[in-house]
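So, here's a batch of structures to check.
Each of the next two complexes has subunit A plus one other chain: subunit B in the first, subunit C in the second.
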Partner chain A sequence: MNIAASLRLPRAPLSRRERAGYAFILPCVLFTTVFFLVPLAMTLWMSFNHWPLLGKPSFAGLANYLDLLQDESFWGALWFTTRYTLVVTPAIFLLAFALALLVHRAVRFVGIFRTAFFLPVVIGMATASLLWWWMFNDQVGIFSAVLMDLGLVDEPVQWLAETNSALASIVVMVLWKAAGFTMVILLVGMQAIPQDLYEAARMDGARWIQQTRYITIPMMRRTFALALTMSVIGSYLAFEQFFVLTKGGPMNSTISVVHWIYRASFTYFKLGYGAAMSVVLLLILLVLSVIQMYLLRDDND
Partner chain B sequence: MKHPNWLRKTLCGLGLAFASHAALADDISFWARAADAGFVEPLVKAWNAGHPNKVSLTIIPGDDFVTKLGTSIAGGSPPDVVAIDLIFVPAFAEAGQLTEIGSEAKALPYYKSLSASHLRLAESGGKQYAVPFSAEGSVLLYNKKLFKQAGLDPEKPPQTLAEIEAAAKKISALGKGVKGFSFSGACGGCNIFTLTPYVWAAGGDVLSPDGKKETLDNPALKNVLATYRRMWEAGYMPSAAKTDNGANFINTFLTGKVGMVGSGAFSIGLLKKDHPEIDFGLTYLPGSKAGQWSSFAGGDSIAIPAGSKRKKDAWEFISWCLSEEVQVEQFAKNGSIPVREDLANNAYSKLDNRFVIASTAMAKGKTPYTTHFNQLFNDPNGPWLAMLQEAIFGKGVDPAIKDAKARFTKVLSQ
Partner chain C sequence: MTKQSLAYAESVPAATAAALASAARGRFALSRRARDSLGGTLYYLACVLLTLIFLFPIGWSAFTSFYTPTEAMASPPVYWPSRFSVQNYANLAQYGHGIWRYLWNSASVTLLTVGMTLVLATLGGYGFSRFRFPGRNLIFVVILATLMIPFQSILTPLFILLRILHLQDTLIGLALVYTTFQLPFAVFMLRNAFDAVPREVEEASLLDGCTPMRSLLLVMLPLVKPGLVTAGLFAFFGSWNELLAALILMGDAKNFTLPVMLLNAQSGQLGAVNWGLMQAGITISILPCAVLFLLLQRYYINGLIAGAVKA
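This part shows the complex of A and B:
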C-alpha cells in the first residue's frame, strides 16, 4: 500500500525508474506537441479569422462556421465522401480479410504472397495515383490497349470521363493500394488467436468454415474495430487519388471533402475558411470513430 | 485584431522551406514558373556571366506558383524578383503584395511600346506594380498537309468560325483517325486562352470591362459553344478532347493527325525545333464574319514582391530583361515574342512570317482584368470549366450558360 498517497503527503521526488520512464516518452510527447497539438491549435485559431493567403488576417468570430452551414458545395462534397467511404470501406475490409485468410498459414511461398499483397502500401498515394492515371489513360494507357487488342472494344475507353466509371476506377485503385495494409492488421489479429482453440475445434470435427465462423471472427472484434476505424478515417481524408486522377471531375462529380478544403484554401485563398472546414471534418471523424469503437467493443472492454 | 507576426511566420515558413532552399543569401533571388524554364534559365545564365551581383533562379511548378508566392510574402521572406502569369497581377497588387514601381517603369525610354495588356493588368488603384516580361498570344494552328489532302487551300486558312467547322468536316472525312479540330475540354485555363478569342472577335465577352460582372448571355458565346458542341457530336474531334486537362494541350497536334487547334506563339518554336516534319500554318482566331479576329494577350509580368530587401538590384535586373539585347537576342532568337512593340519586327521575326502574326495577335489581343481569375477560369472545379463541359459534352448550351451565370456572380460577389 502506498502510504504517501493515502496520507496525502507531498509527493516524493521521482525515482530513478520513473525518471527513465519519462525520458523514454519525452521524444514522443515533444513530437506530438510540435507536429500535432500546435498545428491543431493554430488551425482552430485560424478558423475564427478571415485569413486570406494574400493580405492581412482579421478576426471573424464564428463567421467562417456560419458560412459553412450555408455552403452547399461543402455538404455536397461531404456527401460524396460519405458515399465513397460506404463503398470503399466494406470492399477493402472484405478483400483484406480474404487475403489475410489466404496467407495466414505458414505454408510454402506464403512470404512471397504476403509481400506482394502488402507492396502497394509502401508506395505513396500520389505516386500510386499517377501510376494508375497512366494505366487509365485512354491514349497511352494499358487497360484500353489490352481491351482493344482483345477486340472487346473498338475505341479507347475513357475510364475517368464518366461519373460512374471515374468513381469505380478510383475505388479499384484504392482497393489495390489499401487492402494490403488492412490485411496486415487482420493478419496480426488472426495470429494472436491461441492455436489450441482451433485444435479443440478440429477434435470436435469443425470444418474450416466453422472454425472461421465460430473462432476467428468472434476473436477478432477488436482488430476489426481498429481496421474499420482506420479505413473510415482514411477514406474521409481521401485527397491525392481524386486530385491526381480526376481533379474533381468529370463535371465536379468526384470532389472529396479534403479536396474542397484544399480548393477553399489555395484556389480561393481563404485559409480561415479552409481551417473551419478542417475543424468540422475533424469533429465528424471523432464522432464516427467513437460510434464505431462503441459498436464493435468487446464485452470485456 | 492584430496577429502576432511569429504565428504567420511559423505557418508560412514550413511551406517556404522547400521553395527557397536553392537561393543563396546574398544573391538576387528570382522565381519563375516551370513553363518559362526554357527561356528563363539561359536568361539568368547570361546575366550572371556579365554582372557581379548574381541572380539565383528558382523554378516553381505552375500549379503551385500563386500559393508559394503568397505564403512567401506572408512569411516575410519573398524572392526579390518574380515573373508571374500576368492574369494574377491584379490580385497580388490589390492585396498589397507587390512593390510599386511606376516611377522607375515610366522612366524607361521605351515605356510607351511595352505591351499594353500587360501594363493594364499591372495597374491597381492608379499605381503600377509590374512590367511585362514575356509575351504570348493565342492563334490557330493548322496542318497544311491535312488541308491539302482534304482538298482545302493550305494558303487560305479559315476566316470565320463557320469555315473552321466546314474545314473540320472535310479533314475528319479523311478517316484513319484523322480529326479536324481539337481542344483541351477539361482545362479551364487553356480555353480562356483559345476559346474566348472567338467570342471577343464576334463582339461578345464573358466579363464586363471592369471585370466585376459576368456577360455570358450573349449570342457570340452561344454560337461558339454550339459550334464546338456540333463538332464534338459529329466526331470532328478526337475522343481525348473531352478529358484532356491541358497535359496534351499541343500534343494532339504534334501527332500530325489533327487539322486545327487553338494554341499560342510558344508552339511555333516548339514545332520548328522538335517536329520539323509537320508543315503548319498560323492564323488568327476568327469571329463570325471574315476580317474579325482576336487573341488572348498572355505571358508573364515581372515584379518585385512586397518585402524584398533588394529593390534596387531587383529593378536593375528587371530593366535589363526589357533591354533590346535581351528581348531580341534571348527571347526573339529562341522563338518568343518580344514584349516591346518597337522590337516586333526584329532580325529573327523577319525570318518567319508566323512570328509576325503571333506578335500582331498579342499586341492587339485582350486580357480579362479580374482579381478572381483563378477562381473563375483556372479552377478545374470552377464555373468556367463547368460551363464548357456542360455546354459541349453535357446538357447543352442554354442550360450551361444559365447555371454558369449564377456561379460566376457568386464568385464575383466575394
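This part shows the complex of A and C:
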C-alpha cells in the first residue's frame, strides 16, 4: 500500500475522498492561518520596524532589539517574572501535592473536597484578582479587619503597597486560584500507580509515610515534571494578577513581562518595540517547552 | 475418658490461645480503630478547614453583594449586615451602559466562540481522523503547535489585523480571535473522539448511501458528544473569563465584556470604588462558571487531563 502510494505520480489528481478531506479541514486551516500564523509572522516583521499606533511604520533593522538590551525596565520585568515563577511554582506544587494526597483516598465526602479545591480554577484570573484585591484592601478588606479585631495589628495592613508583601499577597491569591489545577494533574499521576506496589509494601510493614516516600514520589517523577513545567510556562505569561492587584506597583516593582509588553504597545504606542519583546518572550517559552518535552519524553525512546 | 472429652481437654489450651490471640487482636484492633478514628477526625478536620478556606472568598463576596451599598462600603467591614438588600444589583444594572449590556456582550462573544469552535473543530477533527490526504500530518502538527505559542505574543498584530478587516471593536471580531485561540485544543479533542469511534459504524452508514456530511451529522456526532461537551466547556471558560485580548481589542465602552467592565469599575468614580457594586459584578461573573463546572465537571476534568498529557 505504502509503496504503491509513494510510487504514485506527484501530480496525480486528488481522489474524491482526498478532496473531501481537504474540504473538512479547510475552515480550521483558514482560521489558524489568518488569525494565528499571519499575526505570528507580523509580530516577527514588526519587531524589525519602528511601528507607531497611527502613522507609517519604518524599517528599523535590529534597533528594537538593541534598545531592548539597554532597557532596564524590560530586564527588571523579566527578572521580576522569573522571581515570581521561582516562588510561585514550588508553592503551588507543594500545596497541590498535599491536597492531592488528602483527596486521593476513597472516603466519604472526598468528592466534595476535591470539587471545593478545584472550584477557583474555573473562575477567571481577572475576576479572582479583583475579588482578592477587595479582600486585601486596607480600608474595607477582611484580612486587615480580622487581624485588627484579633488584636494582632494596630492599624490596617497595606498588603499591596510594599514590594515584598505585594508579591507575597499575589502568590497567596494565585495559590488559591491555581493549586486545584495542579492537584488534578497530580491525582491522575497517583491513580496510575499500581495498587499491588502498596500492598507489597504494607506486607513488609511500610507505614504511610514510607509508602509515600518510596513508592508514590519515585513513581510520579514524570507527573511532577509535567506539573512543574506547566506551572513555569503559565507563570511566565502572568499578567492579570499584577495588572489588577498592584497595577505594576509599588514603584514598578511588580511588572511582569506581558504587562510590560502591554504597556510598551498600548500605553506608549511603540508597537514594534512591544513586538520585539514578544519575540524574546516567545523564545523563552519555546526553550521551556523543549525542556518540558525532554523531561516528559518516553523512557524507551 | 471418651474420645470426645479428650478432644475437649486438648482443645482447652488451643481455645485459650485462640482467645488470647483474639483478645490481642481485639486490643490491637481497638487501638487501631482508636488511632484510625483520631486520624479520621484529623483528616476530616483538615479537609473541612481547607474546603472552608477555598470557598470563603467566593462565599464572602457573594454574601456582601447582598449588603446595603452603605454597609458594603463600611470601613472597617461589617461581618453581618443589619439587613439584606439587592440594591447593589440594582446599581449594577445602572452602571455604565448597564449590566445587561455587558452580560449580553460577554454571553454573545462566549456563545459565538463556543459555537464556531465546535463547528470548526468537528469538521476539522472529522477530516483529520477519517480522511487520508497529502500533508495531513504536517497540517495537524502545525495547528497543534500553535498551542505552544502564547496568544499574548500575537495580540498587537491581531489588533492591526482586525482594523484592516473592519472588525476592530466588534463582538464578532473578538469572537473570531477567541475561536482561533480555542481551536487547536478543540480539534485535538475531537480528532481523538472520532478516532475512538469504530470504523465499521461509519462504513455501514456510507454503504447505506449517506454522504460523508450526512454520516457525520446523523451517525458520528451523537457518538462524540463527550468530546463536544469538553471542547465546548473549555471554549466557554476561556472566552467568558478572558481579559487581556478584550482589553486591547475592545475600545468602545459599550462593547466591554464583563471582566473589562469590572476592571473599569475598579478604577472607581472620582477615586471612590463602589464596593457593593463590585461584589455584585464579581458574583455575576462567577456564577455561570461555577454552575457549568458543578454540572459538567467530569467532562471538564477529562479534558484537562487530555490537555495536560498532550502538552
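Here is the rule we use: the second predicted complex is superposed on the first by the 250 of 301 C-alpha atoms of A that agree within 3 Å, B and C clash if a C-alpha of one lies under 4 Å from a C-alpha of the other, contacts with A are read in each partner's own complex, and residues count from 1 in each chain.
Going forward, contacts are C-beta pairs under 8 Å (C-beta built on N, C-alpha and C of every residue); 3 or more make two chains touch, one makes a residue touch a chain.
Note that the structure is predicted; figures quoted are calculated from it, not measured.
A.B. asks: Scan A:119 for contacts with subunit B and subunit C and give back first, second, both or neither.
C.D. replies: second
A.B. asks: Who does A:54 touch here: subunit B (first), subunit C (second), both, or neither?
C.D. replies: After superposing on A, A:54 lies in contact with subunit B but is clear of subunit C.
A.B. asks: On the A-aligned overlay, A:266 touches which partner chain: subunit B = first, subunit C = second, or both, or neither?
C.D. replies: both
A.B. asks: Of the two partner chains, subunit B (first) and subunit C (second), which one does A:274 touch, if any: first, second, both, or neither?
C.D. replies: The answer is second: A:274 touches subunit C but not subunit B.
A.B. asks: Just checking: does A:139 make contact with subunit B only, subunit C only, both, or neither of them? Give me first, second, both or neither.
C.D. replies: both
A.B. asks: Tell me which partner A:131 touches in the superposition: subunit B (first), subunit C (second), both or neither.
C.D. replies: So A:131 only meets subunit C here.
A.B. asks: Could you let me know whether more residues of subunit A are touched by subunit B or by subunit C?
C.D. replies: C
A.B. asks: For A:190, decide between first (touching subunit B), second (touching subunit C), both and neither.
C.D. replies: Neither partner.
A.B. asks: Considering only touches as defined above, state whether A:100 meets subunit B (first), subunit C (second), both or neither.
C.D. replies: neither
A.B. asks: Who does A:158 touch here: subunit B (first), subunit C (second), both, or neither?
C.D. replies: first
A.B. asks: For subunit A, what residues appear in both contact lists, the one with subunit B and the one with subunit C?
C.D. replies: After superposing on chain A, subunit A residues 42, 139, 156, 266 contact both subunit B and subunit C.
A.B. asks: Quick check: in the complex, which residue numbers of subunit C touch subunit A?
C.D. replies: Of all residues in subunit C, those touching subunit A are 43-44, 46-47, 50-51, 53-55, 57-58, 60-61, 73-77, 119-121, 123-124, 126-128, 130-134, 136, 139, 142-143, 146, 148-150, 152-158, 160-161, 176-177, 179-180, 183-184, 187, 212, 237, 240-244, 248, 259, 262-263, 266, 275, 278-279, 282, 285-286, 289-290, 292-294, 297, 300-301, 304-305, 308-309, 311.
A.B. asks: Could you pull out which subunit B residues touch subunit A in their complex?
C.D. replies: 1, 3, 7-8, 10-11, 66-67, 70-71, 73-74, 91-92, 95-97, 186, 239-240, 242-243, 245, 248, 374-375, 378-382, 386, 389-390, 394, 414
A.B. asks: Name, in rising order, each residue of subunit A that touches subunit B in their complex.
C.D. replies: Per the stated touch rule, the residues are 42, 45, 49, 52-59, 138-139, 155-156, 158, 160-161, 247-252, 255, 263, 266-269.
A.B. asks: How about subunit A: which of its residues touch subunit C in the complex?
C.D. replies: 14, 17-18, 20-25, 27-29, 31-32, 34-40, 42-43, 46, 99, 102-103, 107, 109-110, 112-113, 115-120, 122-128, 130-135, 139-142, 144-145, 148-149, 156, 176, 180-181, 184-185, 188, 226, 230, 237, 239-240, 243-244, 258, 261-262, 265-266, 271, 274-275, 278-279, 281-282, 285-286, 289, 292
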